[in-house]
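What follows is a pair of complexes built around subunit A, which joins subunit B in one and subunit C in the other.
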Partner chain A sequence: MKQEIEITLEDIENEELVQIPKRKSILTGKYLKKPKKSYRIAMITDFFYPSVGGVETHIFQLSQCLIKRGHKVIVITHQYGDRNGIRFMTNGLKVYYIPKLRAPDKSSFPTVWNNTPILRDIFLRERIMIVHGHQEISVLAHEGVLNARELGIKAVFTEHSLFGFNEIHYILVNKGLMYSLLDGVHLICVSNTTKENAVLRTALSPYLVSVIPNATDFSRFTPDPTQSDPNWITIVSITRLMYRKGVDLMVDLIPIVCRAVPNVRFIIGGDGPKRVFIEMMIEKYDLQDRVKLLGFVKHENVPKVLVQGNIFLNTSLTESFCIAILEAVSCGLYVVATKVGGVPEVLPNYMISFAKPNPEELAQKLIEATEKCKDVDPYFFHKEVREMYDWHDIAERTEKVYDDMMLQPERPLFEKLRYHSRGGTWGALLNKLIFMLRLIWLFILEVCFPREQIHYAVDFPTDKFLKMKKKKLNN
Partner chain B sequence: MLSLQNLSVERNVINDDAIEFKLRTKNKLFQLFDKIFVVFAFLLLLMQSIVNQKLMFGKLTIILIIVPVLRVFVRLFFVCEESLLLIRGMGIQLKKKCYNGSTSIKFLEKAKIQDVVINEGYYLQQTIYYLAFMVEGEKDLVLPFESLYPHLPVLLLIYKKFKKIIMEEQNN
Partner chain C sequence: MSLIQTNQQKAGTKEPPKEKKAEHKRKAEQKKKPWRKILYIQQDYPDNHTDKSFLEFMVLNATARRRSFGELSLAATSITQELSIVVLFIVIFFHSYNNTLPLVHFVVINSILIVLGYLMFLYFEEDLEITFDLIFNHLKTFFIIFASVFGLSSVLRTLTKAISNDTIWALTTFLFCLHLFFQDYGYLNGFKNRFFAPFSLNAAIFGSVILASRLNSDFYVFVFLAFSFQVFALSPLLRHSIKKFSNEFQVLLTALMFALTFGLIVTINTLFAILFFFFVAFINFGSPLSLMAAQKWKLFIQGPWDCAVVETVHK
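Then we have the complex of A and B:
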């Protein structure tokens, strides 16, 4: 029996299959009068799994906490080698790996209008309300935020690092950030120092910038006093061995400390271009039994290395919010660090001692710390730090930022042209021209891929999934 | 611009044990674009011949004829119909047909089919839902609909029928 049927949505609903969202006209240009309880958020950045680092873990943990609070989160990154397309992570976190050329420093190459079709398609089919970009070096985050603002979607940007003012690459980067934040994009900084730095760089009003700190997964970093050798006082340092992390300071201060205190030894984990200097120093001063170089330490082995020590040393020359310090204190170590950037805001005085970034002062503070670290109770440190920083607290504060954003009114597109009047006569003209060309490109896309014909994506059933997980745990 | 909109879906229920799903594009071989070019070429030819009093093919006329001919020639090798036949106890037959009439048929045995999956993926700056079979002998997933992409409701129907007929599960 031949049946030529046009299969429609009503047929499917009669057959009781998966719930597919109904078609409604999408008015993302309108603003909501009351903030909705559960938002649809897109985290967009260049830095995500499978590359490992501070920003990546921040995004992952924040997304997990937001999912548990009932929001829907997706992540958009560029492809990593073979890994492209759409993948799922824990609790239904959807990750889009977009085809985009990768630049040497793990970021990607900037383009003006190449990614607009893909990003527009993703934002419309997932009905995104808020776009959250991370990390200023990430080009994809800037592009995502700009495209979202042109489509009328709210945007938030998180800044994780500090930048200077004097050299040409800093000037260009600051201009880039200023351009992305033009259209009412809210900025979140990771510490008060970062906020000062960002406000000075981009000439923003400080009332439009929030400060929400980082945290770590404290359940993985637990103290274990049995692992550390009682005959030695062990100083641990796990960093990438490059100039920015103060390896030159380490090279100068290790001989001084080893000479002053006889039962001190060093464990240095991590790899990088400056590793050669440390090996040269070990050979010159004959400290093979006092200094141990571990090479690259995998992320899952870091707690095991930290727990072997009594003191943690951080010699960075610039740091916006040091997560390594939190991990060290959570394992029960006493911290000695250089007083730079946002480090003084992280921990109270009885857990950390500061020094200026020169080797003599650092060595002196280390020698004093060898006396103090005997009185340290590792479990007390762990408990204290656990109460100070918590991912659920951070998620709650981020949610408040989202609530504020959803109440902002949306200006008509032509008025947004006024935001581009910075940069002198010719700069302003160029900016406005590029903006108009991008709007024309959006119009062409609207004609070729109309909004009405983009079908919505099916959501991951997080409620049922979490309930199922709970049932399995209880049984 | 993909064939997401221009599909007609036909369900052919042979009996309780076999169902055929046919997807056909509504794009025709000779489109409006080609017809306009040919008409203009003809008019130009007419005008120039009348003016010069002999049959003359000018440069523009030649271009206006070559372009649609090339387009039609390339289109002959495009896929215009894809079909999927589910037979209980035997397996699946995939059939592709092009505009020039050439068909290619592929048969997958029931014993070798492990599972069916609906994935999301990219194709030319758009995200698409596609149906895929996991087959024992092949390295990659086998796609029944490679060039014509139906919407999710159609795929869900096929998914359900597959589970009923091939996998023989009673309750979903």
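Then we have the complex of A and C:
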């Protein structure tokens, strides 16, 4: 008898009935299997240590996992004040701080010719096979990817944020990304919404775009039920206090929730231009004992603040993949967030509840959450989210993208010219002209600093170092 | 794309041949679960999988309106009217300056036009209670302005005595261009109900005052300034009520104004008349056509990636 196993979409939505299949690689640890081929990868971006943020952590963690899998990774970024030259980080991660003028928003100024010599030199002496650029607003990443493609090195780009279409700065940024991705560059997006947005902005084929999410260091965010006060239901929110993060919504909803539920209190961490409105709201409604403003919270202290809470509130107006809610769930908090961008894809229904970005609906969901959060087991949440997102899994998936890239043939120059035929008659002509001029510049560099005379850099002995580390740990 | 897919399919375990058949049968019967737009579980699809639900929430051109040629031409008639009026004004000045204007005829025609225009305004205007009070207020304002212009006409005649002709011609051109650019065409087209174009009105009055100061006699100055007041301050109100009342009347009025202006320009210079004709044809028929040709490039994309808009923004 033929038995057809039919699982409809409705069954899957009702997740209590169906067992959620977790990522096999994380559960079985099969990711520790050695990859087929080890690559030499250059991560290139403007955003790296010593500046601290989501993108910086992403690059660092990804590089560490790739090193552990046996690849060789270097990072190229611009100089930070006195910090220039070559530095080594954990496990032999080589970081090049190249001289480049820094722009106000931590990115750098765009150039056409200046960085080609030094980038070419770095790519050739380290025998780079794949260049991986990060973050669209980083000019150095674009330059790196462009130079790599002209030198015949494979390139991958990771997109971390969402952008609009209407305003002039968005149009410029979109055209810039479209130009960088012309020559068969694979794009990695952190969520499905980011993929849709990127495909629309850059007119890229969706099969050249992979979706690989972010993760965070879950060992730092462990639940601690002893820290939260049992007399209160604490709602925590740690965010930069600016328009984009929905502070206006917070200012409107806090009085509603405080009035409706007598034993609820708020802890708000972070600083920004809109902080004064929260203070005004506290004074107006007399909520000094119900709302606590912590000011700027250092990254090391975030877990300490999170474990004091029962619910995490995220009122962002736009978010491609919110790492903050992962950190909150890892600490055992129930999440209430606005349904924007890539947030609906990140967590299952029993960990998060969504609301439209208006204060009344958010307040309603928060009041319902005060009931739900009593049933939450923080250790269960921590274990669950640990099995959903893992840096080693992300490294494995990124490696699959690299495998795919390396199998693609390198097209001859004549065919590459075809890629530059976007932009109408005159735009295409201009693009092709610029491409030709850049090739002439590369030719001049090849004549002045030939490939054969470039000494290969000595690799950091990663294998021996890791073995030595293991021995020391075992002793 | 298929390369990433085959990598995953290859990952399998070795099984004895007997169980392989059963496994195959089971797998063939088991349907592939539909792809879901989530990131927290491992799905049976490669990372670059593009589902048929890709971009299903994208909305294109939700707020864009496709306009028709007739609608655009009708809206452009108010610009043609304004242009005709300004050119007519300049032509009248030209004749006054050269003393070729039959003054008595001009005054009589103007007076008839003012009375007729006022009666038409009272007839066509909506939401107007025609009471004695209203008419009395109108007439009071009218007489005050005309009396002041009459009184000041001798002063205004010698206002720009020290300034050369060239400055006056250049300044007037510039001012009337400003008047054309900043006129409240929304009001003239009946889209708005309040006439608010102080900048354009000021520019027109300024232009007409310095033009009037070039004329020869006090009476000429008074007649000229009364005409300018009638044309720049009073006629927009009438044209607004005509447009709101009936579109056919608007077209008729525009045609009449154009014909009158064209006829008067011919008395000065034929080349200028031909240029005027082509310019009006471009504004009234050419620019609607070019806007309609550009409409097909309009692309306004909205979707779940948009930044949410908050109703109450604290400042």
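Everything below uses one rule, namely that the second predicted complex is superposed on the first by the 439 of 475 C-alpha atoms of A that agree within 3 Å, B and C clash if a C-alpha of one lies under 4 Å from a C-alpha of the other, contacts with A are read in each partner's own complex, and residues count from 1 in each chain.
Note that in this section contacts are C-beta pairs under 8 Å (C-beta built on N, C-alpha and C of every residue); 3 or more make two chains touch, one makes a residue touch a chain.
These numbers were taken from a predicted model, which means no experiment stands behind them.
By the touch criterion defined above, A:318 reaches subunit C but does not reach subunit B. Touch criterion met: A:358 reaches subunit C, while subunit B stays clear of it. Contacts of A:118 after superposition: subunit B is touched, whereas subunit C is not reached.
Of the two partner chains placed around the shared chain by superposition, subunit B is the only one that A:86 touches, whereas subunit C remains out of contact.
When both complexes are overlaid on chain A, the residue A:455 reaches subunit B alone and has no touch with subunit C.
In the overlay built on the shared chain, the residue A:447 is in contact with neither subunit B nor subunit C. In the superposition on chain A, A:346 makes contact with subunit C only, while subunit B stays out of contact range. By the touch criterion defined above, A:99 reaches subunit B but does not reach subunit C. More residues of subunit A are in touch with C than with the other of subunit B and subunit C. Judged by the touch definition given at the top, the superposed model places A:168 against neither subunit B nor subunit C.
Residue overlap on subunit A between the subunit B contacts of one complex and the subunit C contacts of the other covers 2-7, 9, 12, 20.
Those residues of subunit A whose C-beta lies close enough to touch subunit B in the complex are 1-9, 11-12, 15, 17-18, 20, 84-86, 96, 99, 117-118, 121-122, 125, 448-449, 453, 455, 457-458. The residues of subunit B lying in touch with subunit A in their complex are 1, 4-5, 8-13, 119-122, 125-127, 151-154, 156-157, 160. Across the interface of their complex, subunit A is touched by residues 1, 3-4, 7, 29-31, 33-34, 36-42, 46-48, 50, 54-55, 58, 300-301, 303-314 of subunit C.
Interface of subunit A with subunit C (complex): residues 2-7, 9, 12, 20-25, 162, 164-166, 191-194, 196-197, 199-200, 206-213, 243-244, 246-249, 251-252, 274, 277, 317-318, 321, 338, 340-342, 344-348, 357-359, 388-389, 397, 400-401, 403-404, 407.
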